[in-house]
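Given below, in the form of structure tokens, are the structures.
Shared chain: subunit A. Partners: subunit B in the first complex, subunit C in the second.
Then we have the complex of A and B:
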């Protein structure tokens, strides 16, 4: 699966462009990319698009069904559901993005150290990772979030800690493969430090794998944030979160189904788009598919 | 809008009375029916780990013991008596006298009370020795010993008389003797003749026939029960009662919907109730006001809250009636003493005037006078008592924003929140009051220096003196006046914690159940007069 970048490999910028072009040429990848771009645009431009403050209660419009004024209706204390879905998506994407970045940096670094040095360093790191892996990631996130208390920052910490072991294991195994190549031995012979070898040879060769993992982790992070909020240990009130909206909407499922339909749809679309992009990236980056 | 809310609120609070009146009208043609016979099934969402009333305060234990046992003094029940209103009724004591100094209570026992026909007691008459043995054991090692703290000596001059002498006046002693844990046991329960963990021998309306953990607790009528109804008819009406320990809420709902359960016990929210009503349009919608309420604690160590005008401004900002209608769908406006204690809380009109009439302009003026013309921000610690409770916090947050005060919600779990309260480590805290059955319990736990719920560090000598004074007033009307005076004093001079709202409690029963009146105390005191319409 790994593509080895050597002297005659294309430069990094043109390679990223090539991946992007390949992604666009894949019908599923292209569709998913368009959907994700739309979702991102809705979240980023929420302050412009939303007609109402997501926190302000309109006590004359309790549980109003979708209408021209309130496109997605209002909740049980009169807040505009459309605005809350937009801002909730913003929080979900923020959590997802932060989790992916932090996990890629920390998980990637630990995985590279473990795979490159091997021996007792690898043994200690892998036992810790295995210990963390024995717990289902949602349970681990729930435990950490409950311990730290509900806040967006704590959700990011909880989801990140639960995702790191997966990155560490994959990056370690890829690093071990790369370590065996001749150009790594050559670098060592000419006196390159381990840090330099990892940065100049390890990171570029690991990027395709990390990208695929990252896109999948993005979707998992959004789902976990929603699950934690659903369980009451995620984003604190009154801030909108797709998970909290779903949790609160279940009380009115018969009376006001729009309270769960719209946040549920947004959550499904976002996660589906991310998973499809992950699949498409994997296909594009797999040398066997060329 | 306020007028509309008030009208709707009164309609909501009038609903139980209407429901009861309707039930009486419906029941009228059936009065000729012999009420005796039949069986009722109740769900209690916990098993009884044992049956020793001295060992546990768990509702799973005392709810079950109430069917088979009696107290010296009981809670009167009926359509005219509120859910949290204590009206003493003779239990094993037929009558009682209180000395003028309030330090001696003399109880005359019923001559017709006998123990259930279970070995080793085997149906012998109840004597004063049983009462003395029970109270002595409770005072020594029972979970109830605090209730008898004021009792100095317990004596039995003869077989039918029990005398309690007090080391200080205790105006709530009768209520303490009627407390849900104060069941009277035979002397054999304390001399090792039988094991009170597993054997239940009482004087109550039913005999505990079998208890299968996780399955059911079954009772059959006690033919020797002393109770009679107002027409002199033998009680109880029901031949059998069964308690099902269904722990899962959805399973309980399904059991009620299918008719497996006749009387609902335990938490149920409005949405779930609406679901039940859709499935069972004829069910009886019995509603009461909870014996607890939400409260907003303002810590005076946070500078703005040290100012009485700021606390008054916050009180004026909160639209409680709107909150009660929208978030809770019913209940009662909070008071210093909660609305469930309808004989001791301030009259509803007065509570609405004090706490249910928001005035944002006046609130802003008070803030400006206090030196906060542009408002201020604070951390609003909210204990997680569930979604509706958090909704109340969000409602308050917006009300405060209207007067320029920004509340940043910080969610904590209930145990952590109570610890923060005790340590005074918060700026403002929103929590649910502990359930109380007497105003004195509320005053002493909230306003006396060092008291367990005095989270705001109140140390007001005038208030302390007023609280101690009401403890010594034996005249009921005079004490009620003093209790109201204390509440008005707290409103004028303390304003902390701010009472918010007491939620509605739902106690649905199947359409053919008659005479069901839920009460705050455990043990289903109205059950002996419950009957099943044909």
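Then we have the complex of A and C:
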């Protein structure tokens, strides 16, 4: 994974740009980026696009199937499903983005420390990671979210904690690989501090791995947020969360399938786009996979 | 091999103790315990009453002492009593374990069948339309949340006028009803596993079929199907087994959701209810049981390498 980067390594900005360009030249990666941009646009411009307030009830339009007025139909208290899906996506993406950023920073840092120093530091970190990783991720998230109480912030904490072990493990092993290179020994010889080595050599070299992991974790985070909200320990109502919408839809399962179909479809499209970007990034960054 | 197995098992127990400690401490660090909630529901909260209740439940003792009492109980097979209903926790866990195990074993078996099958076919049909379709399907099923897949299954069944019989019956009491109750959630769970497995099986098969020993076997006149199943698949299976192990963890996460959707009274449902009522003893026991299942599965995966690959068996003994 590091070979391609060392060839054209000199400036960091140009490398990010190169990754982006390579991603655009990959047909699947490009399509996925377009889809994700569309989903993002729908979420960001929800207040402009949505014709109805997602929270306003309309007793005269209860459980209406999709129509020209209500594109995705209405729910059991007459709220417009299309508007709710848009705002729900907003929350999903917000949670996903926060989880990915926090996981990258904390998981990346812990992984680098664990891989760079080795020894007993590594030993202790790995045991904690192992213990966290022993629980199925949703069980861990459910447990934490339930203990902390339902709020967007707590959902972010719960999902992040379940994501960190994987980041730590991968970043650790990549760090151990990088640590063996001569340029690291060279920096150490000229007296660079561990922190400096990690920031100037570790972070840029780990970035490709982190990007791939990050885009996959983004998808998982969105799914977990929906699952937690479905179970009633996620984003608290009346916020329109996709998971909460699905949970409300279960009461009208054969009667109003649009309550299930559209929120789930939005969820799946977002995850699909993120997964495809992750795959494309992996192909672009690792020439062996081609 | 036996030494290896014992060493892994001991490590597993140590990890389990760490998990238990983590869960135990986490629960007690969070404000708002069950006593508060019970009394709030009764409508009368006085400090004296709180104190009295806590003392009765042993919640006023230092955390370390509480943990030792609890851990000692586990070793002797006593998981304590539900703080809410007073029923013994071990009985509740025992009753919930069976549906979850049945569901997850069926799902992993179906997933392995579909996934490995699709992977082998895709490798055989490499570059054709069939390969494309299978790969697209696996990409899509990897992205569909189990939550939605489960709900779509229920919606589909409702639309064709089929309703899964309720309430839940165990396989022993009513095999046919049980089968109808378990097959759909198992199918919904299996597709994600199948998608992940088929991708890996395909690439592992393609890698293996390029190897020298396959060409040698072909030169010896081994038939095409014998070649694929006997030689290539067996060698492609090692990474697949590893993935099967990690997929089991995802699958367990999925059961929590799927059990809620399909009303299966398993561990996930138990945990969910315990969480809603802050029933510490049940939460602890349920979470620990999930940990135990994962550790046992990981152990089995480790041991199975030896069965598939004689070199690993040699290296370990």
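Criterion: the second predicted complex is superposed on the first by the 280 of 290 C-alpha atoms of A that agree within 3 Å, B and C clash if a C-alpha of one lies under 4 Å from a C-alpha of the other, contacts with A are read in each partner's own complex, and residues count from 1 in each chain.
Assume a contact is a pair of C-beta atoms (placed from the backbone, for glycine too) under 8 Å apart; a residue touches a chain by one contact, two chains touch by 3 or more.
All of these numbers come straight from a predicted model, not from anything done at the bench.
Chemist: With the two structures laid over each other on chain A, which partner does A:131 touch: subunit B (first), subunit C (second), both, or neither?
Modeler: The second partner, subunit C, only.
Chemist: Classify the contacts of A:268 with the two partner chains as first (subunit B alone), second (subunit C alone), both, or neither.
Modeler: second
Chemist: When the two structures are overlaid on chain A, which partner does A:254 contact: first (subunit B), second (subunit C), both, or neither?
Modeler: both
Chemist: May I ask you to decide whether A:150 touches subunit B, subunit C, both, or neither, giving the answer as first, second, both or neither?
Modeler: first
Chemist: Classify the contacts of A:66 with the two partner chains as first (subunit B alone), second (subunit C alone), both, or neither.
Modeler: The answer is neither, since A:66 touches no partner chain.
Chemist: Contact-wise, after the overlay, does A:56 reach subunit B, subunit C, both or neither (first, second, both, neither)?
Modeler: first
Chemist: Please name the chain, subunit B or subunit C, that touches the greater number of residues in subunit A.
Modeler: Touching more of subunit A: C.
Chemist: Go through the superposed model and pick first if A:237 touches only subunit B, second if only subunit C, both, or neither.
Modeler: In the superposed model, A:237 contacts subunit B only, not subunit C.
Chemist: Same subunit A residues contacting subunit B and subunit C, which ones?
Modeler: 146, 149, 232, 254
Chemist: For the complex, give me every residue of subunit B touching subunit A.
Modeler: Residue positions touching the partner: 1, 269, 271, 274-275, 322, 326-327, 382, 384, 387, 390-391, 393-395, 397-398, 409-413.
Chemist: Can you tell me which positions in subunit C touch subunit A when the two form their complex?
Modeler: On the subunit C side, the touching residues are 15-16, 18-19, 22-23, 26-27, 30, 32, 139-140, 142-145, 147-148, 151-152, 154-155, 158-159, 249-250, 252-254, 256-257, 260-261, 271-272, 275-276, 283, 287, 290-291, 294-295.
Chemist: Give every residue of subunit A touching subunit C within the complex, in rising order.
Modeler: Listed in rising order, the residues are 127-128, 130-132, 134-139, 142-144, 146-149, 219, 223, 226-227, 230-233, 243, 246, 249-250, 253-254, 257, 260-261, 264, 267-268, 271-272, 275-276, 279.
Chemist: Spell out the part of subunit A that touches subunit B in their complex, as residue ranges.
Modeler: It is residues 55-57, 59-60, 62, 76-77, 146, 149-150, 232, 236-238, 247-248, 251-252, 254-255 of subunit A that touch subunit B.
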